[in-house]
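Given below, in the form of structure tokens, are the structures.
Two complexes follow with subunit A in common, the first pairing it with subunit B and the second with subunit C.
For the complex of A and B:
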């Protein structure tokens, strides 16, 4: 790509990806996002930002990009030049490849919202002469420019494409096209996040997990309390609507109507009763089994020390 | 990480609270969920400050054949991996040291030799080392988050130290002396999850977006259930029977090995009582003989000591396996009990609701 060719519109390979960026679907996993958040605190002296590699997977036609993880790469900003610590970049990549061999570089992040000359230089480093696959650039904006204090984090994703004549010393002709992204999390991650979000109101921003083995029961009682509150809220809302104090939302009404009288119609009531009773019997038996084995073990431990 | 050449003494840990960064917790859970039901593990990096041990980074070990908890900790490749990681972290300006492992497990199936050995050698070099156990089956079948931090208890370390000096490791007398039972092999540390300020800010932002219109959050919670901050009430659905079946299987296996171990012990007890009986007989006989000897003015037989040259008492078998298996079984039973209790609460609630 160092020949004197003028890139205007590159058909075929580029057209499907870089030039029609709306077809690229970027999915960010919370693990990557949280790593970037953490990385943003590790800014080096003399640098304006923290940069790092985004790892993940992409579909065969490059239309879906999944960002799974991120790590910091050291770099140095000096005047018009930027040097990226390639050694660290490569070794970290190898470390991640060891555990999940299929993971690949899908882009890079920087913790500054603006795009400048460094951005395109670093982008060239990540492109590494391969212009046919899209490289995602994610920017994290977490500093309020007017007050220089941390602000609510915002992140944007871009797909880069080269424009103009690219010569050896003139590599800053990159266009970053903003593309939409979605956050994706599994139900297991969501479970954790619901704990994490409990910590946000604490003064030390941490939440204590229930220790021991009775977590399930604690969760259950908390959730039942929540349901209770919700029912109160809904009935409050309904009575307000009925009294004409506020205007009701049709959607909510429809939803309530279809869900409240829910009852099992498909099976006969006697059949359900039978199933339920046997289920309860089974559960009771399990409980009995568990507690009797536990008692025996305790007894045996006590008795051997006596002998 | 083992330090066999230069045996260091165990010192008392200075930390008693574990604080996990939310990003680390996410990584552990992601790793576990991606490979479920394989039991994955990995090293933890962090720092100890005052009484808090902060876990700031975690990395996944590669998957070999991790059918047994803790088997991955001693692998050469994993130890190399760990050292590489530490060096790299230093290069990138992360001041963290190796503080332990995370390990996925089913209920309390993690009481085994591998885990104990690894923790012993690690706690020797770093008294604040911990092991984080994540019950991946709990979160996948019953959506209950279970992250627990463990460290070998002082009682266990005392027994271990004493056992190294005597010929009979883990004898009943030693256990009694140090108050070690199957309940306190490990010391459980309270775990909290910590958010960086940016994460807190983002969560607040998400919440305030939700609150901008009337009742939206509640509405979401009832209707859509699709944002991060709201509760999805997964815990209210009836439990998946897969979870209890899994535990019951493990429970039966453990009960089998418990019996096997117990048979050995019973054999020893029978031997012992037989020998003791013989000694008693010998003592009775010697008493009569002593009476005769006194009459004849001969030297008496020492009843308390001389039998030792004639009879040999059998050696007591180690109580180590018994301890571990008992601990596992108790753990399984506790989990089953909790599981069935919550199941019963839910079942009765549904029964009431359906009016049957």
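For the complex of A and C:
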């Protein structure tokens, strides 16, 4: 991903030992992003933004931060002051801790991109006086400033550091140092996103998932069709080169030469069929067992009522 | 467009920020002279005088006496003062910030060995990266900061450079510096000079072997310098080519040297080593393994000749994998093309080691089957066609078309398998649900 941020070393206010890495890597999981997008729609009257806590994990040396989830924290902006609902914040944190005991606060988010005195005050609330541990601040920008309409969401990540004598005097001055981040999503999440992207083109913004059929197999079948179409396009181009109708691009040719040995023929079609069928049988067996257990539980519940 | 990004949030008015900075300088000086001087200049009813900024710049030299924890926050404050008071005057802001950058280079410790609590070179690096990120991406100052970063690294001795060089690798990785410099509309000449400076720095510190990043950067930068900078003299261009050929030919990880083919036209010039290397390069790119071996035996004895011969063997293996009708190569086929004796146990082991090394070097993806003495190719990452310019000819395109047709039929067969399984699964699932209802 192209980034205009330079990140060679972390700010010197962050604790580091001789052996710890000098950079901070931030990874964002899509579940956290979805929660933040959803949060951006719940802005309270009188406030300029929605804020919330970022949950996740950090490595022992604080060089790797993984943002996995997020929740809204109520706040109130008034004049030069901001009030954060600490009770609401701690209650939600305890609920999350019950399901994932190892999860921790790694930062906070705001649904506006600008950084102002409120950002500094809220950041101080999350820092709790400890500048040596990096607290990530994630800003979401989902409104186009020229038209004031929703636009493609853009988000930035920062870590805070001190300015002047702020640490000594406990002032509310802060420097937000931009740091790069990466988005991390699994293949299952990618499948889900492909259904979401299909829904966005529909007039009612929804798409019906096929019932009674495996979505994985449908996705696989669609992917194979896409590959087939792409091969048709490429073959057409190569045929034109072979017939002398156009001049071939060597870079394209070398890329194709590099990748075409990876044909499914290498494994053997019969072997693929065998592997595929045995995998399907395993899946079916698991589904059958799960269904049997569910029936037994339901039966046992009914018998208990009768007895 | 604003000069800087709003990354610094200050909970005080401008005068308060200046006074805060002045008190830090007073603390170093152990007197209040600086505060008094600045207060007088601040009282000026008109715009702040130039002397105000000059005083601030001069005080920058004193900041080297601050502790490592105090230095960066103080410089952040100083940056804020400049950006806030000169936000309407880009030229003056750039002028004073360049002066501040000079001071940062001046106060940077010239050693990686640090006294506890004292200023470290990473404090300077961190401050420079902060400034870089604070400044708008289209500002020319970003280029100045990158130059200062290189300047700091160049100050270190060879041993220390080796230890700290990893810190600027992100700048070279994926040509990140190019994005920054393009955004700030840096001229092509300046970009080329910068890339050459960066690549030389990386090269000088990784003396024994290149890593792929530094080599690619060096290669790109030299190629671009040779091709684009017209002001270079012939002698300078020949020196660049000689250097590039020498490092490429004898670097054990550089197998595909076809990109150097464009320099083979250079003949009859004064550099003897360059003539010899061009002859070797021509043969490496175009001749068979046997012919290359013969030429190499006639060349002056060089310990690196063994590396070159081994690289040619790897190149021959790639060409065999590329043009073989079957993607499964027997060890016998491989031994014939590499002039090894298949019946000899040592040579058999050698074949397998070459195959393992080709996978390790990321030239080929594939599977070694020791039981059946064969190697199945999955992917070829380094394409070498065997002609000097490494261009594709008609037979290559026909080969691609044939392979694509095979791909198409295979994909259709796999698709049929998936659709049949899909049908089977949905039938079985519906039977299963009927069974559940019956229970």
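Basically, the second predicted complex is superposed on the first by the 204 of 307 C-alpha atoms of A that agree within 3 Å, B and C clash if a C-alpha of one lies under 4 Å from a C-alpha of the other, contacts with A are read in each partner's own complex, and residues count from 1 in each chain.
Throughout what follows, contacts are C-beta pairs under 8 Å (C-beta built on N, C-alpha and C of every residue); 3 or more make two chains touch, one makes a residue touch a chain.
Since this is a predicted model, take the numbers as computed values, not measurements.
K.L.:
Does the superposition put A:102 against subunit B (first), subunit C (second), both, or neither?
P.N.:
Neither partner.
K.L.:
Thinking of the overlay built on chain A, is A:226 touched by subunit B (first), by subunit C (second), by both, or by neither?
P.N.:
After superposing on A, A:226 lies in contact with subunit B but is clear of subunit C.
K.L.:
Taking the superposition as given, does A:276 touch the first partner, subunit B, the second, subunit C, both, or neither?
P.N.:
It touches subunit B and subunit C both.
K.L.:
Under the stated touch criterion, which partner chain does A:88 make contact with: subunit B (first), subunit C (second), both, or neither?
P.N.:
In the superposition, A:88 touches subunit B alone.
K.L.:
Would you please give the residues of subunit A that touch subunit B in one complex and also touch subunit C in the other complex?
P.N.:
Shared contact residues on subunit A (touching subunit B in one complex, subunit C in the other): 212-214, 217, 220, 224, 227, 234, 263-264, 269, 272-273, 276, 280, 283-284, 287, 291, 294.
K.L.:
In their complex, what parts of subunit B are in touch with subunit A?
P.N.:
My answer: residues 19, 21-23, 25-27, 29-30, 32-33, 59-63, 81, 84-85, 88, 91-94, 108, 138-140, 142-148, 172, 175-176, 181-182, 188-205, 207, 214-215, 218-219, 221-223, 228-236, 244, 248, 251, 255, 258, 262, 265, 269, 319, 322, 326, 329-348, 350-351, 354, 356.
K.L.:
Where on subunit A is subunit B touching in the complex?
P.N.:
Interface residues on subunit A, with respect to subunit B: 29-31, 34-35, 37-38, 40-42, 44, 72, 74, 85, 88, 91-92, 95, 98-100, 142, 150-153, 183, 185-197, 199-200, 204-209, 211-217, 219-220, 223-224, 226-227, 230, 233-234, 237, 246, 249, 251-252, 255, 263-264, 269, 272-273, 276, 279-280, 283-284, 286-287, 289-291, 293-294, 297-298, 300-301, 304-305, 307.
K.L.:
Once bound in the complex, which stretches of subunit C touch subunit A?
P.N.:
Answer in residue numbers: 5-12, 17, 20-21, 23-24, 68-69, 71-74, 76-77, 80, 120, 122-123, 125-126, 129-130, 132-133, 137, 149, 167-168, 170-171, 176, 179-180, 183, 321-322, 327, 365, 376-381, 383, 391-392, 394, 396-401, 403-408, 410-415, 417-419, 421-422, 424-426, 428-430, 432-433, 436, 439.
K.L.:
Which stretch or stretches of subunit A touch subunit C in the complex?
P.N.:
Residues in contact with subunit C: 2-13, 22-23, 114-117, 119-120, 158, 161-167, 171-178, 212-214, 217-218, 220-221, 224-225, 227-228, 231-232, 234-235, 238-239, 241-242, 248, 250, 253-254, 256-266, 269, 272-273, 276-277, 280, 283-284, 287-288, 291, 294-295, 299.
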